[in-house]
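By written order: A, B, C, D, E and F. Residues from 1 in each chain.
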Amino acid sequence: MNGLIEKANVLIEALPYIRTFFGRTFVIKYGGNAMIDDELKKSVMLDLILLKYVGVDPVLVHGGGPAINEMMGKLGKKPTFVSGLRVTDEETMEIAEMVLAGKVNKEIVSLISKYGGKAVGLSGKDGNMIIARKKVVVGEDNQEIDLGHVGEVEKINPQVIRILSKEGFIPVISSIGVGYQGESYNINADSVAGELAIALEAAKLILLTDVEGIYEHPDDPKTLISALHIEQARKLVASGNISAGMIPKVEACIRAVENGVARTHIIDGRTKHSMLLEIFTDKGIGTMVVA
Amino acid sequence: MNGLIEKANVLIEALPYIRTFFGRTFVIKYGGNAMIDDELKKSVMLDLILLKYVGVDPVLVHGGGPAINEMMGKLGKKPTFVSGLRVTDEETMEIAEMVLAGKVNKEIVSLISKYGGKAVGLSGKDGNMIIARKKVVVGEDNQEIDLGHVGEVEKINPQVIRILSKEGFIPVISSIGVGYQGESYNINADSVAGELAIALEAAKLILLTDVEGIYEHPDDPKTLISALHIEQARKLVASGNISAGMIPKVEACIRAVENGVARTHIIDGRTKHSMLLEIFTDKGIGTMVVA
Amino acid sequence: MNGLIEKANVLIEALPYIRTFFGRTFVIKYGGNAMIDDELKKSVMLDLILLKYVGVDPVLVHGGGPAINEMMGKLGKKPTFVSGLRVTDEETMEIAEMVLAGKVNKEIVSLISKYGGKAVGLSGKDGNMIIARKKVVVGEDNQEIDLGHVGEVEKINPQVIRILSKEGFIPVISSIGVGYQGESYNINADSVAGELAIALEAAKLILLTDVEGIYEHPDDPKTLISALHIEQARKLVASGNISAGMIPKVEACIRAVENGVARTHIIDGRTKHSMLLEIFTDKGIGTMVVA
Amino acid sequence: MNGLIEKANVLIEALPYIRTFFGRTFVIKYGGNAMIDDELKKSVMLDLILLKYVGVDPVLVHGGGPAINEMMGKLGKKPTFVSGLRVTDEETMEIAEMVLAGKVNKEIVSLISKYGGKAVGLSGKDGNMIIARKKVVVGEDNQEIDLGHVGEVEKINPQVIRILSKEGFIPVISSIGVGYQGESYNINADSVAGELAIALEAAKLILLTDVEGIYEHPDDPKTLISALHIEQARKLVASGNISAGMIPKVEACIRAVENGVARTHIIDGRTKHSMLLEIFTDKGIGTMVVA
Amino acid sequence: MNGLIEKANVLIEALPYIRTFFGRTFVIKYGGNAMIDDELKKSVMLDLILLKYVGVDPVLVHGGGPAINEMMGKLGKKPTFVSGLRVTDEETMEIAEMVLAGKVNKEIVSLISKYGGKAVGLSGKDGNMIIARKKVVVGEDNQEIDLGHVGEVEKINPQVIRILSKEGFIPVISSIGVGYQGESYNINADSVAGELAIALEAAKLILLTDVEGIYEHPDDPKTLISALHIEQARKLVASGNISAGMIPKVEACIRAVENGVARTHIIDGRTKHSMLLEIFTDKGIGTMVVA
Amino acid sequence: MNGLIEKANVLIEALPYIRTFFGRTFVIKYGGNAMIDDELKKSVMLDLILLKYVGVDPVLVHGGGPAINEMMGKLGKKPTFVSGLRVTDEETMEIAEMVLAGKVNKEIVSLISKYGGKAVGLSGKDGNMIIARKKVVVGEDNQEIDLGHVGEVEKINPQVIRILSKEGFIPVISSIGVGYQGESYNINADSVAGELAIALEAAKLILLTDVEGIYEHPDDPKTLISALHIEQARKLVASGNISAGMIPKVEACIRAVENGVARTHIIDGRTKHSMLLEIFTDKGIGTMVVA
């Protein structure tokens, strides 16, 4: 019976958080190990479904670099990266879009359904949701580098997401954008998540990664930062004292915070139910970037 | 971190139950120690609020015998009971109504508010909600005994409850009925809860008591019955092998089950969060009466 | 037939008033003889129901001093007043709340129902409707006097009233407030009515009393004032030339007028159907306080 | 003051009727002196507006024989009647339609507006509301007589009326029907009113005439019948002991009663506010035809 | 098959216009030959119905001078005009109203119905839609000339039109206004159409006439002006180099454009489907007056 | 000008069809040349958008055999077919899903957007829309042949389509189904279109092919059948006198007709705007299968 009462206490501990976030939108960037390991996948899906039932409107954004690489490999193409950005020629774009919107996205939708939720998968083309432009990348020689279909968000049309969320579905979104001429763009998923959080006036932006959070010293796990003001976050990025993969995440958080998203979180997707822990327990986990 | 994951697992364990009961009504009879002990009171209120947030519409029904007795004492009146029913002359009725609708009811409303919920207190007179008739009680000599304002439910008009539930309030209801001439009736709260569960097409009727549930042998706690079919329940009542106070509870369950309430529960209000435990854990507690 | 035509003319005389007040809210403070005499009670209830049917949303506010005194007497407590305010210790507060919310309120609800209307009784605790604070009372020696649970309105949350009015019910409200800690407050009912009129953007505030209205000279019935501008009303209060019981009424009217309630009325509740006469006849009765 | 209380009593006497008819539709056939005398006109308009404000949805149907005759006279045409039906050649139809829909109808609309109501005038062509067919009239020689555009109701499309009533307007309807080829038909207005009452599931059909009601002996005003069962009404029509002009009225009532209209009334339009008197006083006036 | 493909191309050519005007209101002034010739009538009705089905809300305004003249003739009255305005004494007003609202209006309603649409005919009295005042006309001697019931628009209450349009009906409106005393006014239909276009925030005002459009030189058809800025339009009116009948049309266009109606058109009603051609083809026809 | 009038006539010819199909759903199977040729693609997209604007709710279903074959080729896999069905092992299924949902689907969505419409692409997994089971295929030796992930429709959940259609989007659906365990199924797109038409209570099912329709004698274009009753259609299938690729189309039509879809059409997607021609012209094209 004591065990049972412990359980009840956990539910009760969640109550103030449920109350706070009732009717609000959370944008979650899904990636890393949490997209590979079966147990973690299940844990993320259950977390999303629970959020939906307690009155939160979760919106899931995903990329899928490894799956794109794998398919490129099968097709005899070698992935190339410049400054961490995938060089995306026409053929690579086509592969990326197929893999993200046709494979990864639908697998997630199917998993959510399997665990009892209702989901609809979308790419940025659906409902003209993510309007994108070519990303201008400048090399060390100050010359523009042509990375092909690498894009950045120009404008978000959130209507489809709103409709589907309101009708009880969890929208699952591939980080593909569409240009004004109908051309496809490959966009960083952290950045897409951040822009969606802004457009949807989300209460939280949550980025799942494969580290515990942001470290003061990248190599020292004991220096995990719990809360980071955007001022400090900007300095950290400028300092170079931060891993390359973390930079777009921190930047997405900064932009979201600057544009009205009250709380942004970089959390460890390798921990089961890390989302729930962040949201519904008194302590929270990972690094929070706030104003 | 392990502790945290345990917590998350508890939330996840609740998910299938949340899904099942989303949008459904639960009628809860509140009484006994859970109405006296401050910790238990708090625990019941938090449970109700949590239920409301995860999409259930809880409706609370309460009596208040001890508080009525106390006020009668202060006013120099001595409570009298026949077959467990309070002899309710005009003056007693007035005291009962004042105590239930003016004191007990408003304290509960105030507590729910204090712990973060929104409640509205009602008696059966409000919105003509509980239409009652005089209860006919026959003594051992086959003569009718006049117990005054002791009533039973004639008809439920659930409109007010529906409106308030829909608008986010938890209705809190005193077990007072009103006759066609506007006269007040004192009605057993278990019975009121059962009739409301039927009228509201509730998914669950939950009766909080001061025992663990129904025992096969009233004096032997090891004989607690987990699930009881209404056939067996009827036999148990007929056998006399059941405590007097338990009879109206079991009868309320039987009537509710017969009229479409799928699950009815007699649970131990002395256990903190007993409601949550019954609803959201795989094991459940107390005695369930089902078809 | 002539008698019949007279009747029709009366209905027609009411038409322009019906048109003017269609869809508007009236807050009515009920008290005095109109709460004691059976014929007057019936007359008030019928007036309320008629108002509801012709498209007005009446909201009834009541106190109940005499009933509180009577119950205190039965319980061996002696009512004490300072500057017309009831000294309200914990026990008195409990009695007041029981009597108002549990007895007086439900009797009114039951009467409205008996005469064909639909009512719901509420106290300021329901839906956290009347948030109150302790009233600071300063004695002649400039020292603060502790009157216990005597309160004044801090804030009105009119949501419950709006919902119930819209669904066809007449809200009946006890002048009990609730503090931020859940504690009860005894508030002057005239003042509660005034604040509700402001919060509900009422078209009229009507205070039923046991005099014809405000007299220029309190002892001379021939000096009844038909219409009083708030400027004059303020002077009258300041002059001391006004009865003690009338002061909170006039002040409620002044505050209401200052906060957007176009018309406020102090009328004679001893006259049958005085409300209707004020509202639906060309002449009106009692004293009107206006900007 | 006594006079005032009398007035209030009249309003209160109306209350049970207001309650009964709240939200219901009344179809009123307007004609006779009530359409000619200015005071009577005003009285009818005020009655309609009052009905609208107390929650009834009045629908007014009018003919206009005298106005048609007058216009025909000006145009040098002589009205001819066969069995009380106007012989309606093409030209007469055009005149009738112009007079009814363009003059009489708009005058009524304008009057309602003048006295404070909102009205919209319609003919049976608007929204294809009154679909009509040619009325077959057989002479004494058993030969069909061609009366031209004299029609009878084939089908009612009440959509426009419902929309306008719901939005607060009083629909005013000319008794013009339209055939499947778009041709116009002149239909008896009593009959149109009856069919509209059926189609709108009206609570009452009220026919205003220039007599007090139906007499047992047409020439003896002392034999006015207060209530008539349709059985008796049929016999009365068959007996021939009834005036020619009264026959279509009685038949409209019989058909309406047979098709679900609970109460139908033939009342004296020469009495001011006769509608109100019928509806809102305990005694009622004229003759009621019921099942 | 080539013919078929041509047909499809025509539909497709219309698509961008359909998209642009979806959900917008068009006010169309109907008059001239298009109201006389049967083929043209049919063509206008079909155009209206098609507009309605492709998502436009057409509102038709009509006058009917020739029909009024004809009826005046039959009644032995001679039409008189001053500065192009009909001298409208009481009797003439009555005739005009009957003819417009009772004959012309209902014929149009009936035609729309015949060709498969749903229409409701209204005059400016219905729903108090067109509030008018007496038009002040000053003669050459600077003296006011009394033209009787000639009016101009004071205010538009578009509620009835909005309701009927929303419910799928095409409102058909006679150019009759109503004064504050309920008196009728005869108003120029071009002017009524312009004011309605402003009040309804119409996307287009279309005036059907019996000429191709506005000519630079009234006598030279080769000088048809396709698009006219309101500046030029004002000069053209001032120059006197424009026909008398065209002046109120141009003025209606100018006022509409000045008050937010983006496009106003004067087109040739003698051409079949001229409305469709103007709206749905790339070239357009007639003269467009724009800002 | 004559040319213009011709154009208007074409629009008017479409009117009765627009009226008939207003507010109805059409399910269109898109395939063949119309999915390859750029001009035909554009023509199909414009047709869909026009349908949407004139009040029809088009739902597009597509397969994509050639694109799947091409990707398989690139990946070094050889497509195999048994009885016209693609042998679909795990890897082929993954390729098919990627190509259909990630490439073909999003290209269509993007094209609709480019030509001015609003579209959302879905696979049968989204919203659990197309529940599928493994298709049992029996070989000539009466042995079951395992074709892997070849499926058939078990159940349609049309909620997502309904929501998106209502909100102004054109749903574009890949013929991928999902099993109760979340596994993917490759389903014939004609069959998916037919089942969707049934579930959506569509007014029309339109299958675009690369032939003119059904021929009485497959090799003789002069024997094109305009209308085919399902009886005859069944005989034609049984006769073997029909091309293999046409069989699933005819069967989809038969099943749709049997289940309430009034009209089903097999039309030539090689003709520009063939959909419009079928729908909006008096003659129609292709073969219609009806009850």
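Heads up, the rule we're going with is that a residue touches a chain if its C-beta (ideal position, glycine included) is under 8 Å from a C-beta of that chain, and two chains touch if they have at least 3 such contacts.
It should be emphasised that the depicted structure is a prediction, and the values quoted were computed from it without experimental measurement.
Q: Taking all residue numbers used at the chain D/chain E interface, answer same if over half belong to both copies and different if under half do.
A: Both copies touch with mostly the same residues.
Q: Chain B to chain C: how many Å between their CA centres?
A: Computed value for the inter-centroid distance: 35 Å.
Q: In whole angstrom, what separates the CA-based centres of chain A and chain D?
A: 70
Q: Rounded to the nearest whole Å, what is the centre-to-centre distance of chain A and chain E, using the mean of the C-alpha atoms as each centre?
A: 57
Q: Distance from the CA centroid of chain E to that of chain F, rounded to the nearest Å?
A: Taking the mean C-alpha position of each chain, the two centres sit 46 Å apart.
Q: Which category does the touching pattern between chains fall into here: line, ring, star, complete, or other?
A: Per interface graph, the chains form a ring.
Q: What order results when the ring of chains is traversed from chain A, passing next through chain B?
A: A, B, C, D, E, F
Q: Which part of chain C faces chain B closely enough to touch in the complex?
A: Against chain B, chain C makes touches at 71, 74-75, 94, 97-103, 105-106, 109-111, 113-114, 118-123, 125-128, 159-160, 163-164, 167, 169, 176, 178, 181-182, 184.
Q: Quick one: which bits of chain B touch chain A in the complex? Just the residue numbers, please.
A: 1, 4-16, 18-19, 22, 43, 46-47, 49-50, 53-55, 116, 271-273, 276-277, 280-281, 283, 285
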